[in-house]
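Here chain A shows up in two complexes: once beside chain B, once beside chain C.
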Partner chain A sequence: MVIHVGYFSLVLTFLVALYGAGAAAYGAIRRKTEFVESARHAMLLSWPLVTVSVLAIVWLLVSGDFQVRYVYSTTSNDMPIYLKVTALWGGQAGSLVFWSWLMAAFASAASLRKWDRDRELLPWVVVVTMVTLAFFLSLSILFENPFARMWRTPDGSQVTAMFQHGGTMPLIPIDGRGLNPLLRHPGMIVHPPMQYLGFVSFVIPYALAMGALITGRTDDRWIRISRRWTLVAWLFLSLGLLLGSWWAYDVLGWGGYWGWDPVEVSALIPWLSATAFIHSVMIYEKRGMLKQWNMVLIILTYALVLFSTFLTRSGVLSSVHAFAESAIGPMFFGFIGISFIVSLFLLMRRWGALRSESQLHSLLSREALFLLNNLLLIGILVVCVWGMLFPLISELVTGQKVTVGPPFYERATAPLGIGLMLLMGVAPLSTYGRASWKPLVRALLKPLAASLLVPLVLALRGITNLGALLGFWASALVALVTLYEFWRGAVARHRRHGEILPLALWRLAGRNRRRYGGYVIHLCTVLMALGIIGIEIYQTETQATLARGEQLTLGRYVMIYESLAQFDSPGGRHITRAVVSVYRDGKYVGEVYPRQDYYYAPEMAVTIPGVRSTLEDDLNVMLVGWEPIPTEGTTFKVILNPLVNFIWLGGLLFIFGTLVAAWPDRKS
Partner chain B sequence: MHNTPPFLRILAVLLLVTLLAPVPTAAQDHEPTDDEVNAIAKQLYCPMCENIPLDVCPTQTCRQWRETIREKLAAGWSEEQIKQYFVEQYGASVLATPPAKGINLLFYILPPAAFLVGAFILLRTLRSWRQATIQAEPVVPVQPEDPYIARLEEELRRRDW
Partner chain C sequence: MSSVDLSDPVADPGSRVKFLIGGILIVAAIIYLIASSTKATAQYFMTIDELIAKGEAIVDRDIKISGVIIGDTIEFYAKTLTLRFTVVHVPADPDEIREAGGLVEVLQQAVADPNATRLEVVYIGPRPDLLRDGAQAIITGRLGGDGVFYADELLLKCPTRYEGELPIQAVEG
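The block that comes next holds the complex of A and B.
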């Protein structure tokens, strides 16, 4: 019953979405507002309808209806309830419905907006969102049906189908296979939803851009409407990436927070073009320039979002994320191709109309520096795309399989990354329009001199790695310039309005939310840069086999292997857990409990490190192996990551910065 | 199982192993430590599980491969020799980056080349815009040298939006 309600709700939503797209297009072309209104209602209705299906899936997951293939493959009786709920996005079929659900949520939210001033754009927003929704729903209805059940045929073989065929009997396993143990982690609750939100939310700015192209409204209306959506979408995408890397760091057990895995890279790429877009849009709003380039960026971002979803879901490039491969690959490819071509066609139609008088007075003006920012971001994007595609190219052309791993990405993106940081230190001091080099250099002189003290002091204290010194210098420059900007603005307000400095700071940020929110975000990237320098350049590790009571040394730390215990635990696992005491500079600082959880049902083991975390460093102790008699040798691997927690700290404050930037102004 | 030598001693031995040319068994007189094995395994990729470095791959096959590294280290092989052995056995995909020869040179050249092309295009575009702007405005107004005034002007302009 639940199964049928859920499936037919999907079908109904599909039909409603198609109707909405058709009615909107018809209403726009024939200028019949009643059709456009009806289409808007259809868009509004899409979310409640998909919600019915989502609730149905969650019901089936929580109640353990194992005849449903999806429930069987992602849950088992021993899983806690929260994991059964998050199994909604634990596998292919559920993920696709989850995507549709989020897409419908954004579409419905957009339909509730007051469209009176933008009657022309509304129909096309409906068309774009509803066509995309219909596509994703069609994948669920036809190919990856979360409600399909398992049946046994008379000759003993198994078949999976929505409806019972003649002669088959229901196949109802006693227990499910259970979720991949690597996914049984709090990260599972937050990372996929956030990542999908980041992807899906870009459909709104994209739809508005398409509306502008189709209706020929080459003014900035679409950008103004989408401004807050874009910032929020960008925040979700950034958080998705941060949460994913936090989860990887926590669970993969070998100190990896970013492995330049193809799926990770494919999620980074739209973020790069989106960041370029956020910056170039600011030039557009201030100076009316770059209409064509902005269109290119939003089309690119959306295409890359779909492409990234395609890579994650179709298993074309296998990686840690590849938990399924299926027939939806070609469908996806076709949809991305068609929408990209249509977008470009629409853009070409209006290319001339989008040309704006681009006023540039100086190569050192803020406009020019923002464009340099775009060049660097797109440069990193090209590196990532090339690194992802080359293994395929190599295999196609020479037949030789190659791996493109971290060394390539790190060496290729590091100079561009440093360039971006230096830019963050210089651009806030630049001005729009006429800008000669003298005032810029004058403004830069003091922070630059102060920032150079940092690598100097570090070098004197023994830090000789050039990359680290450069990184710390750039970080210092950005921090000094950005804090100086806050200081300058607050002092100006204090002089003008007599406000005490903290209040001046508050009001300053309140009046210029985007600028100061952006500055907060820049400061967050400085924090993250510190963490990245620490873990990338100064990570140390060691491994050895110890008998009870023996010790292992890494830098200032000494670890003593105290004991090992083995026992069964709820959640269907067999746990092997060691107790290791940790000494730093000879002083006892605590115990850690590295362990390995062996999951019976999927027959997989997960290594969970014992971690001692401080702002200064993370000590990860991992249980690598043990002899059958635990008092014999047990192998430990220890990884020391200096400064890594600055990455997560920066990530947390990131949210604050984006909220400041995106919060509605009291005036507007 | 052996006792764990201090970290510095491991480092010294590791240096010795990698600096000495291929020398027969006489050069090595102890069991290579896990750190020495991992230092080499870190640079290789598991040929079967995609994109997982050899030093962290938990599968049985990878464990055997690490043992192979250990044996070869004990036999006096250098790091380069061991990596070459794996390439010969399992193909170039065991290395972290494509070997720099043949078509793979294109791999290393393209990103910097693309960046330079992009920078060139950007510079030319900016220059042509600046030319057009200067030609359209023969009179150059006084440049605001004080950043405070520039900010004030900017804020005033912004109030018009």
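The block that comes next holds the complex of A and C.
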């Protein structure tokens, strides 16, 4: 019953989406508002309809209806309820429905917006979102049906099908195969939904851009409407990346926060073009420039979002993320290709109408520096695309597959990253229009001089790594310039209005939320840069086999192996757990419990490090081996990651900064 | 300002040259970065058959290989963190894999096939959780003169662990 309701709700949504797209296009072309209005209702209806399907899947997952193939392959009886719910995005079929559900949520929300001033854009927003939704639903209905059940045929073989065929009997397993133990982690609750939200929410800015191209309304209206959508989409995308990184770091323990795995790279790529976009739209709004370029960026971002989903879901790449081989690859590829070509065609048609309203005058003007920022971001994007496609290209050209790994990405992106940091230090002090270098240098002088003190002091204290010094210097420059900007603005308000400084600061940010929210985000990149320098350059490690009571030293830490215990635990696990006391500079600071969980159901072990985490560093103690007789010793590996928590701290502040930038202005 | 041709984003010819040169320099720098980094870090990606066929010619060069782990051969010496195991050849071509009945099938066949090419691998480090019989491995390292592959990095995948075959144990409904 639940199965049928869920499935037919998917089919119904598919039909509603197709109807919405058709009615909207017809209404727009024939100027029949009642059709557009009806299409808008269809769009509003899409989310409640997919919600029925999602609830059906969750019901099946939680109740453990193992005849359903998807439930069987992603859950098991021993899993806690929260993990059964998250299994909704634990596999291919569920993920696709979840994708559709989030997209429908954005579509429904967009339909509720007041469109009075932008009547002509609405139908095309409906067309773009509903066509995309219909595409994703068709994948679920035809290829990756989460409601498909397992049957036994009379000759004893097993088939998977939605409906019972003649002579088949239902096949109901006693227990499911369970979620991959590596996915049984709190990261599973937050990372995939954020990543997906980031992906799907770009459909709205993209749809508005397409609306502007189709209707020829190429002023900055579409950008003003999509501004907040874009920032929210960008926030989700950034959080998706950060949470994935945090999860990897937590599960892998020894510093695997970012591995340049192809799927990671493919998720970073749309983020890069989106970041370029949120910078260059400001030039579009403020100066009426870079209009064509902005269109290119939003089209590119959306195509890359789809491409990233395609790579994750199709199994094309050799990657830890490429879970399953799938039949949906060619369909996906076709959809991306068609939507990309149609977008480019629409862009070409309006190319002339998107010319700039003003010119670049100076290499040091703010618009020129924004352009440079775009160039560097796109440079990193090209590096990533090249690294990802290089094996395919080399195989085509030479017949021999040649790959590039993390060293390639690190080497090629580090200089561009430093360049971006320096820009973040300089650009906020620049001015629009005919900027000359003198006032810029004058404004820059003080923070620049102060920032040089940082590498100087560090060098005197014995830090000799050139990359680290350069990184610390760039970080200091960005931090000083940004804080200086806050200070300058607040002091000016304080003088003019006589406000006390905290109030002046508050009002300052309130008057120009995007600017000061952006500055907060710049400060986050400084924090993250500190964390990255710490883990990349100053990570240290050691290992030893210890008998009870013996100790091991790493930097300022001494660890003493106290005991080892083995026991069964709920969730179908057999746990081996060590107790290790930690001393820092000779002072006892606590115990850590490195362990290994062995899962009986999928016969798989998961190593979980014992971590002592402070802002200064993370001490990871891993249990890598033990003898049946404890006197023979237990082997530990210890990794010390200095400053790494600044990455996550930066992430928290990042949310705050984006919210400041996206917060609605008071209606004037 | 409004008298200048609107189609041209850069005002006067003098600064147009400046912008052009600046842009070209940056693009050239990016291309150089990509080219030099590729050259410095590129690794051959080979199947085990290809590796054995090249033999001596590629001893001590950075290489990436793919293969399947044979569970019985895994040995781990915790005291020295030394991991030894044997991998067996699997085809890398997606079409070939599809024809043979999919990845899961190919991996199982490879492990069972006594005639498939095998290679001994040594890795120094903790034993990865996913290291098990039938797991697909992507291994970065060098082929030593002794015919053993010395790995720097192991990437392991168990396709059956994600979404796999149909159940063995079941009750009839």
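What we mean here is this: the second predicted complex is superposed on the first by the 654 of 668 C-alpha atoms of A that agree within 3 Å, B and C clash if a C-alpha of one lies under 4 Å from a C-alpha of the other, contacts with A are read in each partner's own complex, and residues count from 1 in each chain.
By definition in this document, a residue touches a chain if its C-beta (ideal position, glycine included) is under 8 Å from a C-beta of that chain, and two chains touch if they have at least 3 such contacts.
Being a predicted model, the structure only gives us computed values, none of them experimental.
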First (chain B), second (chain C), both or neither touched by A:375: both
Which superposed partner A:390 touches (first chain B, second chain C, both, neither): both
Which of chain B and chain C A:150 touches, first, second, both or neither: second
A:158 touches, of chain B and chain C: first, second, both or neither? second
Partner chain in contact with A:177 - chain B first, chain C second, else both or neither: second
Which of chain B and chain C A:405 touches, first, second, both or neither: both
Chain B versus chain C as contact partner of A:541, first or second or both or neither: first
First (chain B), second (chain C), both or neither touched by A:72: second
Touched partner set for A:92, first chain B, second chain C, both or neither: second
On chain A, the residue positions that both chain B and chain C contact, one per complex: 254, 318, 320, 358-363, 368, 372, 375, 379, 382-383, 386, 390, 394, 400-405, 407-408, 412, 416, 543, 545, 605, 607, 633, 635, 637
Chain C residues within the chain A interface of the complex: 1, 4, 6-11, 15, 18-19, 22-23, 26-27, 30, 33-34, 36-38, 40-46, 64, 66, 76, 78-79, 81, 92, 102-103, 125-127, 129-130, 132, 138, 140, 153, 155, 157-159, 161-164, 166-167, 169-173
Footprint of chain A on chain B - complex, ascending: 1-4, 6-7, 10, 33-35, 38, 45, 50-53, 55-56, 58, 91-98, 102-104, 107, 110-111, 114-115, 118-119, 122, 126-127, 129-130, 132-134, 140-141, 143-148, 150-151, 154, 158, 161
In the complex, chain A residues that touch chain B: 252-254, 256, 259, 261-262, 285-286, 317-320, 322, 358-363, 368, 371-372, 375, 378-379, 382-383, 386, 390, 394, 397-398, 400-408, 412, 416, 429, 431-432, 434, 436, 438-439, 442-443, 488, 492, 541-547, 550-555, 605, 607, 632-633, 635, 637
Residues of chain A touching chain C in the complex: 67, 72-74, 91-92, 150, 152, 158, 160, 169-175, 177, 180, 182, 254, 289, 318, 320, 323-325, 355-363, 368, 372, 375-376, 379, 382-383, 386, 390-391, 394, 400-405, 407-408, 411-412, 415-416, 543, 545, 602-607, 622, 624-627, 633, 635, 637
